[in-house]
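Sending over a structure as C-alpha cells; questions will come in a sec.
Letters A, B, C and D mark the chains as written, and numbering starts fresh at 1 in each.
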Amino acid sequence: MKKIINDPSTVVSDALNGVEAAHPELKVDHQNKVIYRGDSPRHGKVGIISGGGSGHEPLHGGFVGLGMLDAACAGEVFTSPVPDQMVAATKLVDGGAGVLHVVKNYTGDVLNFEMGAELAAAETGVEVVAVVTDDDVAVQDSTWTAGRRGVGVTVLLEKIAGAAAEQGRGLAEVADVARRVNANGRSMGAALTSCTVPAVGHPTFELGDDEFELGVGIHGEPGRQRLPLVPARELAELLVEPILADLPFDSGDGVIAFVNGLGGTPLIELYVLYAEVARILAAHGVTVARSLVGPFITSLDMAGASVTLLKVDDELLGLWDAPVRTPALRWGI
Amino acid sequence: MKKIINDPSTVVSDALNGVEAAHPELKVDHQNKVIYRGDSPRHGKVGIISGGGSGHEPLHGGFVGLGMLDAACAGEVFTSPVPDQMVAATKLVDGGAGVLHVVKNYTGDVLNFEMGAELAAAETGVEVVAVVTDDDVAVQDSTWTAGRRGVGVTVLLEKIAGAAAEQGRGLAEVADVARRVNANGRSMGAALTSCTVPAVGHPTFELGDDEFELGVGIHGEPGRQRLPLVPARELAELLVEPILADLPFDSGDGVIAFVNGLGGTPLIELYVLYAEVARILAAHGVTVARSLVGPFITSLDMAGASVTLLKVDDELLGLWDAPVRTPALRWGI
Amino acid sequence: MTNSVTGAAIDGWLRAFARLVAEHEDELTRLDAAIGDADHGANMNRGLTAAAVALDELAAGDPPPAAGPRLTKVGMTLISTVGGAAGPLFGTFFLRMGNALAEQETPTALAAALRAGLAGVVQRGKAEAGDKTMYDALAPAVAAVETALAAGGSLADALAAASKAAEDGCAATVPLVARKGRASYLGERSVGHQDPGATTVSLFFRAALDSGVAG
Amino acid sequence: MTNSVTGAAIDGWLRAFARLVAEHEDELTRLDAAIGDADHGANMNRGLTAAAVALDELAAGDPPPAAGPRLTKVGMTLISTVGGAAGPLFGTFFLRMGNALAEQETPTALAAALRAGLAGVVQRGKAEAGDKTMYDALAPAVAAVETALAAGGSLADALAAASKAAEDGCAATVPLVARKGRASYLGERSVGHQDPGATTVSLFFRAALDSGVAG
C-alpha cells in the first residue's frame, strides 16, 4: 500500500487537521470529527448537515461553506459516522429553523443518521428532516435489496439545497427541493482499479489488467458486471444509456451533466469521457444546461469515473447558479 | 495500461473536445490545439498565454478564463507544444497591448516558445515577452544542468500575473510581477508510483512497493533520491525543509502554501500532507497567508504530491485574491 | 455461579468476544471485502476495543455493576464508536439486552434479554430470516437458548446449543442471496460467501463458551 | 549519381531515416524513459511520419524539387509536429541544411550543409561536446564527412565514415553525465545510459548507407 499517511488509524483525524489548517473559514470539532462553518449557527437559516464514511473527499467536508453544507460528519474510512457525530453537528448548526440531514442510502448511514436525529431531537427539541439520496442505477431498486446507493447526486443536492437554505426558505421547502433533486438525478460508475482501504493495506478487489467493473460502488462494492476494457466512447455508452433509460430522460430535457473522478483517475481522462457523454446526450436530444467535471465524490485511490445526470428546471438551475463558497465548489463570491 | 481513453494517439484532441463541451465560455482551436477565452482578444489588455505538454491537467487549459490565462497551448502528452501553436495562440489573444508567454523551464518548452515568439513577432509585429518558471529545488541550478524545472509556481504565477493583466497593467509590468512570483517561489515533489504515458502503455519507471522517488519531475523524470516509504510527517519534512532553505524563507515571512496532487493521489492524502506542511511552517515562524490544496499540476496518473511555497507581500496577495473564473480556479465572480 | 449471569460473568463473556473479534479481524474484513466494503473487522474491533476500556472503567466501580449495566454500556459504546450498519445493530442488540437484564440475573432472564436484543436488531434493520445478515445467526442462537432452557438444560447447555446454532446459521448464509445491507447490491453474486455480521454473531456465542459465563 | 546529392537521393535518405526511426521507436522511447520522459521515439516518429507525407507532396511536383527544398520542408515539418527539445533541434538541423544546399548538389556542398545544420543545433541548444546530447553524435559525423572528402574519398566513403563516427559518438554518450536537456536533472544518475537524441542521429547516418544517397 502506497499512501501519503502517517498511520492507517489516524488518516481521518490527520486529514481533518489539514482541512482546519487550510481553510480558516471552517472550524473542526476534532472530538466529534465534524467540519462546520466558522459562522455557525446562522440564526433563522435552515442548517444542512451531511456526512458519511471518509475516503470520498471532497465529499462531504469540502462542501461546507456558504451556500452549501453547514457541517459534515467524517466517519472512519468507508464507515458511516456514528450518531454522536450527527448530534454534535446538528447542535452546532441549529439556528432555530430546523436542520436537514442529507444521507446517502447505505444501511449504515441511514441507521446512524436515524439514531442521531432521534437523539438530537430528544436532547434539544431541534426539528430534523432527513433526505436520503439513492441515485445509483447500477443497483436494482427492489424490496430484495437495501435500495439504490446514494452517489453523485449527493453532490448536486448539497449544492442546490444549500442555495435554497441560504435564500431563507423553511425546512419543509428545503427538504422538498432536496427530494426533487434526488428524484430527478441518476448515476452510474465504473472502476478500472480497486481502491485500497488504509486499514486493510491491500486492494479491496482484484481486477485483471484488461478488465473493469461496471456499476461499482464508491466503497469498492462490486458492480453489475466485470467486462473487458473498452474505449472511452463505449464506456460512456455503458454508463449513460442505463441512466437515460431509467428516469427516463427525454429529448428536450435540460440536465446538469456531471462526470466525476473516483480518485485515481486524472482530469485529462475525465474530459475524454465528458466529450463522449456530451456526444451521447446530444444524440438523444438532451440539452446540457450546466456541467461539472472533476473528482468530487471519490473512492480513495480508485481509478475510474462516474456519470450523474440531473434533470433541471429553471428553479433548480437558479439554485445551482447561486453563489457558493466551499473548499471544493466555489463561484459567485 | 488502464485509462479512460479511446486511443493513445487521440487523447489530447479527445480531451480538448471534452473541455470545449464542458466549458461554453471557452473556445478551442482544434487544429492548433489551443484553448482560449471566448471573448478573446480583449482590447487593450495584455494577453497571457501558456502551454506545455499535456498530462498535467488542469494545467494549463483549466486556467484559461477571466483573471488568469487568455489561452493555453496543449502539446502531445509530456511533449512541449510546437511553435505554430504559440503563434496561433498569440494571435488569438493579442489585444494590442502585447502578449506574455509563461514558459516552464524545460529545453523543449523554452525552444518551442522561443521559435513561436519569433515567428509571431515576425508575422504580426506583436510584442511578446516570455517569463520562464524554474522553481523546482530538486534540481541543482548550475551551468551543468538545463536549470531548474518549472513546476508548481507556474500555477500561482498564472493566477497572479493574470490578475495584474486584468487590472490593465502594461506588458512590462505584468512580466515584472510574473518574474517576481517566480523569484519568490520554490517547489519540490515526490512520487509514490510512476505515471504511464498513454502512447507507451507501461509505467515510465519502476518503483519498489516500499519505495518512493523524492524530487521527481512532473514527466516522471527521476528525482534526487529513491528512498524507503516514510510517514507523511517525514515526507513533508523532506519536501519542505529544502524549499525553506533554498530561497530562504525566514521567520515572519508570509506565504501561499500549495499542496498539489500529482494525479493519482486522492484529496484525503493531500490534506494529511497539508497538515504536516502547516506544522513545519509554523515551527519555522512562517505564516500561511493563503493555501491551495488539490491536483492542479499533475503528472497523468502518478501517485504523489508536491509542495510549493510562494513568499508574498500585500501586492501579490491582493492579486491572488482578485476575481478569477476558470474551470479549475474560481472565486470572487 | 454456573446458573447465574453475574456482572463478572458478562464481563468475561464480552471480553472474550472482544478478543475473538480482534483475532478474527482480518477474516471478518476479508468476508466483508467479498460482498461488502472491507471494513467489518476493523469496525467491530475498534468498537470492542473501546468497549473493553469502558468495561475496565465499570469494573473499577464500587460496588462493581451488575450484568445489565455492563451490557448497556457496551451497547452505547458500540453505537458511539463502530459506525456502519454493524454499529447501530450490534449496539442496539447489547443496549436492549442490558436494559432487559436490569433486574434479574437468571438464565431465563438472559434468554429474555437475548430475545429483546434480537427484537431491537429487527426493529432497526428490518431483516428477516434468509436475508443473509447477522439475523440468520442470531435468531437461531436465541431460539436455541430458549429451547435448551425450556427442556431443563443448564446455562452451559443453552449456550453450547446457541453457539452451535449460530455457527450453523452462519454457515447457512453462504448459499443465500443477500437482501439487506451492502451485500444486497450484489444480488446473485453474493451467493457463495459467508455473511460477515453473522460470523461476528457466531464469535459472540463462541466467546460464551470460552468465558466464565457458561460455568 | 554516386557523387551527386540529388533531390531523389535526399528523398531516399530521409525516407530511410523515417523507416529506421519507426522501427526503433520503442528503443528510442526506452532510452528516453531511463534519463528523460519516455517520448523521444513517439516524438520523432510522429514528426518523420508527417515528413514522409510532406515528401510525397513535394515528390509529386513538376519538376520534382532539388535536395535543398526537400530538406527545408522536412525541417519545417519537424518543427511543426515534433515538439519537445528534439523538434526545434532536429527541425533546425534540416532547415539549415536545406537552406545551405539550395544551390549546389556536390558532396562538398552536402558537407557544408551538414556543418550549417550542426551550427543551427548549437545556436538553438547551446550544447557542447560531452554534454551527452545529439551533438555528441552529430559533430563527429559532420567532421568525418569533411575529413573523408578532404582526403579525396567518395561520397559513399564520407557517409560510411560519418555513420561510424555517429555510432561511436552515440556509444560514447553512455558514460557521460548529462549537462543539457531533461537528462541533466539526473546529474550522476544519467551515467550508464545512452542519449536518445544521439541515437536518433546515428540512425540518420545509418539511413544514408541504407538509401541511395551513398551510391
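FYI, a residue touches a chain if its C-beta (ideal position, glycine included) is under 8 Å from a C-beta of that chain, and two chains touch if they have at least 3 such contacts.
Because the structure is predicted, anything quoted here is derived from the model rather than measured.
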Key: Centre-of-Cα separation between chain D and chain A, whole angstrom   = 55
Request  = Report, in whole Å, the distance between the mean C-alpha point of chain B and the mean C-alpha point of chain D.
outcome  = 32
Request  = Answer with line, ring, star, complete or other to describe the graph linking chains that touch.
outcome  = line
Remark   = Chains touch in the following pairs A-B, A-C, B-D
Message = Looking at the complex, which residues from chain C come into contact with chain A?
response = 29, 33, 35-39, 42-43, 46, 79-89, 124-125, 177, 179-182, 184-187, 189
Task = In the complex, go through chain B and note every residue touching chain D.
result = 53, 75-84, 106-108, 111-112, 114-115, 138-140, 143-146, 149, 197, 199-200, 204-205, 217, 219-222
Inquiry  = So in the complex, the part of chain A that touches chain B is made up of which residues?
reply    = 2-7, 11, 14-23, 54-55, 57-58, 62, 192-193, 209, 212, 229, 231-233, 235, 259, 263-276, 278-279, 288, 291, 293, 295, 298, 300-301, 303-305, 325, 327, 330-333
